[in-house]
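Quick notes on the structure that follows.
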Amino acid sequence: MLKIRNLDAGYGKLRVLKNISLHVDPGEIVTMIGANGAGKTTLLHTIIGLIKPTKGEINFLDTPCCRSSVGQIVASGCALVPENRQVFASMSVEENLLLGGHVLQKREGRAAVHKELAHQYELFPILRERRNQFAGTLSGGEQQMLAMGRALMSKPRLVMMDEPSTGLAPLIVRDIFQIILRLREEGNTVLLIEQNAKAALGIADRGYVLEVGKVIVQGPSDILLANTDVQRAYLGREKVTE
Amino acid sequence: MSPDLFFQYLFAGITYGSIYAVVAIGFNIIYNATGIINFAQGEFVMLGGMISISLLHFMPLPLAIASAVALTMLIGAAIEILFIRWLQSPSVMRMIIITIGISILLKEVALHIWGESIRSLPYFYGNEITTFSIGSVHISPQVVWVILASAVMVAGLNLFFKSTPIGREMRACSANRTAALLCGINARNMVTLSFMLSAGIGALAGCVMSPITYTQYDSGSALALKGFTVAILGGLGNSGAAVLAGILLGIIEAFSVSVVPLAFQDAISIAILLVILFVKPHGLFGSGDAARLKDF
Amino acid sequence: APAWAGTVKVGAIFAVTGPASFLGGPEARSAQMIVDEINKAGGINGDTIELIVKDTAGHSEKAVSFAKQLIEEDKVVAIIGPSTSGESMAVKKIAEAGKTTLISCAAAEVIVNPVAKHVFKTPQKDSFAAQMIFEEMQRLGITTIAITAGNDGFGKAGKAQLEKMAPTYGVKVAISETYDSKATDLSALVAKLKSDVSIQAVINWSVVPAQAIIAKNMRQVGWEVPLFQSHGFGNIKYAQAAGVAAEGIIFPCGRLLVVDQLEESNPQKARLVQYKSDYETKYKEDASAFGGYAYDAMNMVVEAIKKGGNDRAKVRDAVEGLENFAGVGGMFSFSPADHNGLTIDSFAMMTVKDGAFILYQGK
Amino acid sequence: MKTRNYLPLIGLGVLMVALHLLTVWTGTQYYLTQLTMSAYYGLVIIGLGVLMGYAGQISIGHAGFFAIGGYLAAALTTRNLEPFAQNWWVQLLDKAGVIVHGQDIYGLSQMTFTPWLACIVAVTTAGLVALVIGIPVLKLKGHYLAMATLGFGTIVYRIFLAMPYFGESDGITEVPGFDMLPFLTISGDMSHRVLNFYASWTLLIVGMLFLINLIGSRVGRALRSLHSSEEAAEASGINAGRFKLKVFVLSAIYAAVAGVLLTHYNGGIGPSEASMAKSVRYVALVAVGGMLNLWGTLIMGVGLTFLSLRGVFGSFDDAVFGTILILVMLFSPEGILGLKLRPLLRQLIIGGRA
Amino acid sequence: MSPKTSPANETMLELSGVHKRFGGLHAVNDVSFKVPTGSIKALIGPNGAGKTTLFNLIAGNLPVSEGSIHFCGQSIEGQKTYEIARMGMARTFQNIKLFHGMSALECVMVGRHSRSRSGFFAGMLSLPTTWKEEKAIRARSMELLDLLGIADLADTEATSLAFGQQRAVEMARALALEPKLILLDEPAAGLNIYETAEVARLISAIRDMGITVLLVEHDMSLVMDISDEIVVLSFGSKLAEDTPANIQQNEEVIKIYLGEDETV
């Protein structure tokens, strides 16, 4: 579904991604882990077209999309739940969701959007309660859910999530992971970035480890979970304080 | 004050107010789509008037107005494409200053095309002194045209921004551009569209008011100042509020004539605006909550 | 050839752009037209004239800067302009200090009263215009009036003159108001004036669209008292702009507007015809009294250069010595005590009939 | 670090002397007139530059403060006090030596305030007005702030234009010179030209010195922080309102001082000095120079004003200015000094496509 | 380092009967608790429970609808945010708020504002006292960056740092205030397990410096490990207040917040 070869990208002179290659197959959950500043967000932004790569190629659904605009990439079925949520603060929750349905409406018409809206309310009941509130006044967690709901509104083939569990209550985090699993059941493909490596690898089929802009390890989740390097670097489960 | 005089002031105020309002509406469109105030809005009004006056030599009035509106829309689009479209994440301050520059340029271009003389469209109905009377109060039919135009615009725009997907998308672009992109919205086209729309609305305003106010190459800035005042007074982004605020301000100005020297009229109306802003920092009908949630 | 052979520089300070561009624009064009013609014809005594036009956009600080620059740096022999009273007052002292002739194109009388040695002006005195209006009012038996004026230099000077002279003619000024010269509608003002039933006539003093607007607003409310305007109305554009509302407006003005109706014997006729046809052929727009101010100023300078050459002192003396000089604004005769040089004869009363200006014949 | 900071200032001082010598050498001393005027406008613009760039508060009404300074100085030094000569306060002031006796243009005797008193009153008034207006105005944000300052400027303009005391549309002329120091008279008289040039540029340099010190200090840092996030700045203990107000008043005082001195230098002031177009131009000059670049602001402010005062753009003054404004904003939003050619070309090529 | 704090019965912060309403929404409903001097107190609860709102009330960003808040025995009612900050309360923001166009170091230097004095005119005249002070501010800020392990990023523009690094800068800025009480809103959000551990160590270190900590966090490993006491909020009301061990056993808390198997 998504194939990336020898990708380089960055900001101005700063080269953040160095020679990245990866692929995501249909129906998979793939996770990407890495320390702060490794370039995970940058990678997602490059895929969705917010940043233009300086080298390499990206194929989504077997069509190269390095030169496409964000709009085209989203329309072709790729959606991003951004890192800092990026809700439309001065618009209502429902409007936020409807905006998420922009490409769906173009593809399948209004009825589909309203059906999908109901679906999202079902996934995130709290959003239904807050539907007329300005999104900017939602609590952090509520905003996170809204961002997810909005991305899902486009019924994407591939959902990319940038640390979706950030700032969520443990119970909700579990719900989120449930939702991700459910998305896979519904035939979606997910590219997941998570700090909670253990949980992420727990639900993912495969994983990549990113360090200062390079993929250093990759493989099926269970193998990564067993990898001692990975364990030492990301999964340390021992006490967090001395 | 005799009732006659009272009503005459009242209708004078409504005349002023509807002129201000019809200009203010244009400000709100670009504001809603980009979060900036287009300081060249007054020049769109001027262009609408000037172009239609020039076209009137070749075609009947309705056609001249329609063509002027269309042409101004093209100019609006061209300006956006030339000066704004390709900027990478411009700040509000930068956009304000660019539009100030555009306003200066448009004025200069107009000066060199049309010269400094004043022109006007003919009255749509009747002539300069035609009025109809309600009781002893006389109103020019052109005022009715202006009011009608602003009413239609407000209704249309409200419908557009509140209930149509494309209107919602425009607002989304101003609320958070990145997020709008992520929703698959073509933010650039939205901005272009908003410039076209506000240019068109400005041009239409320029046409309907031209018989009353006359059009001159620099008549834009004075109108823009009033329009801006009214847009702020009502609360940015809300066109219905702008009309109410416009008429309110117009009426205040009209009645102020009876108590203070006319020379201070503008000072009075702006002082009132300032006082209102100090009490309600987001305009009469603006929501502080919504404004706080915007990025600036 | 004399030492100064070559080019003679003349400075011009006009508000070509900005709020007073309706003055500065025609003024700059009129002056340039003369210079072009003279140079084409071989100049004055073999010298070409170089006109250095500076655009102040109506800013007096720029006028100051330009006046100093023209006098010191460009070493002009004389300066025509500025267009507005404020600017003219601001540069008056500079012309004096620089001993350079300045022929202002602005209205206010203070420019030449008190007389400064080097400062002249071409527009007719407001007091003459006021006098003519009041005399007409006396004939019509009008005793109570309202005065309205724009908030520019022209309006200010006129209003002051009217208020000063009204008592001499037994006229009472019931209301006197100043409005913004960019006003878009004056119906509230008109309502206020109309509510005072004692008012028998309105005098409006401005040079902007507002003078058409006030006419319209008065007629719209069906108020039929006579409307007098100033010589600022002397531009057919304003009469056209006011349309039918302009009918019957009475105003004093130079004879340019009614040149076709003048008798051949009129000493101004040749000059007026020449100006009108030259200007209208060259610029494809109606000639106006404003352009005439600069046309006269420039012609005076030309006349003076013919006598005094490129010598500031001689040029000044030559200007002051002009007598019975036929200008667009009237017959000028300067003297050390009179640097305007016009008499009340420079004005004629006019009115609008069927969209055209005609000489006013009384009621 | 300290010396490096001041190097450009010393450079400016050297430039001042060099300019003078150059004009002497080439026999073009008349340039000094407009250089002097530009320096005063430069003072307005750097004051506004700190307010806009560092404190992040736009003011589209700064011509108002300039005009308050200029008009009050002009009115107090020209308006005749003779009609009030018998009033106790006039007599008191006369005894205090702050009233001059002279003649008006018609040769009649008149009494006026001394320029020193007028100057102090004018600058104080501008400062107080800024203080009073600043308290509510600076609570506003974004476009509302822009409107409020624009409104303030318009009110000032309207008042000067409407009041006969201030000469209405003609403004005030015949303003006398200002004997500031025993050897220095601020006046447009040719004989004082060189000293006036040095006075204005010295003032500009000192003004710049103060501002550079300020923005390099703790206060400057606080200003920049509240520009970016008032909430976070306040959480760090910064009284945002107070700092904004102080800078507002400071910049108003800069404008008023410039107004007073330029009015004496020009011998008058007109309403155009209070107009919205003027305020907008100040704002635009700050932007062209670079919001966070005081040196750029200074250079563009003085440079473009100088060219404009010489009328080099003819009737295209505004057009040229508008074009420069747009070009700078398009290609170098950091101001003209931020202009680097390579990125510019790249933006032209890539930006057009992206 | 042993805590050099006064006895635990001294109260740093006290909330009594605090309410906050937004229109119809009762975001904080009758919340009372005390934060003893020198302790780490955690505030947990489901999303939208009102934790951030409570922080905003304490820090003076929002007015309280009802009830009172005392900081160091002084009511903060009517006090402006900056006044409260000067009294010695620092905070970090859930949505990071760093200053555009400033380097990481400068951001931290801003934090020293209320601990330095040179004023407007001194700054304008650049008096020698201001230089000395400036030097001290710089040195102290550098130390703090060092403490947070980002000294090498001192000259990088703060807003272009990665998420986790920005959090560190925020924390340094808050510490620069030399607060008595520090409010941390989700300091570990977006951090991986090691970085979280680092934060935990840091918070303990902060407490050891004698600073009282009030913390909002969803990462239970962090909260349970370091806090002395936990307050649980739900729908704006206080649900429980207890030691970490007891909270983990609290049926209700498990039901609405922790989930069945989250006991570590």
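By letter and in written order, the chains are A, B, C, D and E; residue numbering begins at 1 in each of them.
Here is the rule we use: a residue touches a chain if its C-beta (ideal position, glycine included) is under 8 Å from a C-beta of that chain, and two chains touch if they have at least 3 such contacts.
None of these values were measured; they are calculated from a predicted model.
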item	value
Intersection of the contact lists for chain A and chain C	B
Other chains in touch with both chain A and chain D	B, E
Longest centre-to-centre distance from chain D, chain (CA-based)	A
Most distant chain from chain B by Cα centroid	E
Interchain centroid distance [CA atoms averaged], chain B/chain C, Å	35
Chain centre separation (chain B, chain D; CA means) in Å	32
Distance from the mean Cα position of chain B to that of chain A, given in whole angstrom	43
Centroid spacing, where centroids are CA-atom means, of chain A and chain E in whole angstrom	29
Multi-chain contact sites of chain C, meaning residues that touch two or more partners	17-18, 151, 178
Residues within chain D bordering two or more other chains	161-162, 277, 318, 354
Overlap residues in chain E, where contacts from two or more other chains coincide	none
Pairs of chains found to touch, sorted by chain label	A-B, A-E, B-C, B-D, C-D, D-E
For the chain A and chain E complex, residues of the former touching the latter	11, 33, 35-38, 41, 83-84, 126, 137-142, 144-145, 163, 166-174, 195-198, 233-237, 239-242
Complex contact set, residues of chain C against chain B	17-19, 21-22, 25, 151, 177-180, 182, 184-185, 187-192, 194-195, 209, 212-213, 216, 219-222, 237-238, 241-245, 285
For the chain D and chain C complex, residues of the former touching the latter	28, 30, 33-34, 37, 105-107, 161-162, 167-171, 173-174, 188-190, 262, 266-273, 277, 308-311, 314-315, 317-318
Contact footprint of chain B on chain D as seen in their complex	52, 58, 136-137, 139-144, 146-148, 150-152, 154-155, 158-159, 161-162, 276-277, 280, 283-284, 287, 291, 316, 318-319, 321-323, 325-326, 329-330, 333, 347, 351-352, 354
Of all residues in chain B, those that touch chain C in their complex	2, 4-5, 8-9, 11-13, 15-16, 19, 108, 111, 115-120, 122, 127-131, 138, 140, 209, 212-214, 216, 218-219, 222-223, 253-255, 257-258, 261-263, 265-266
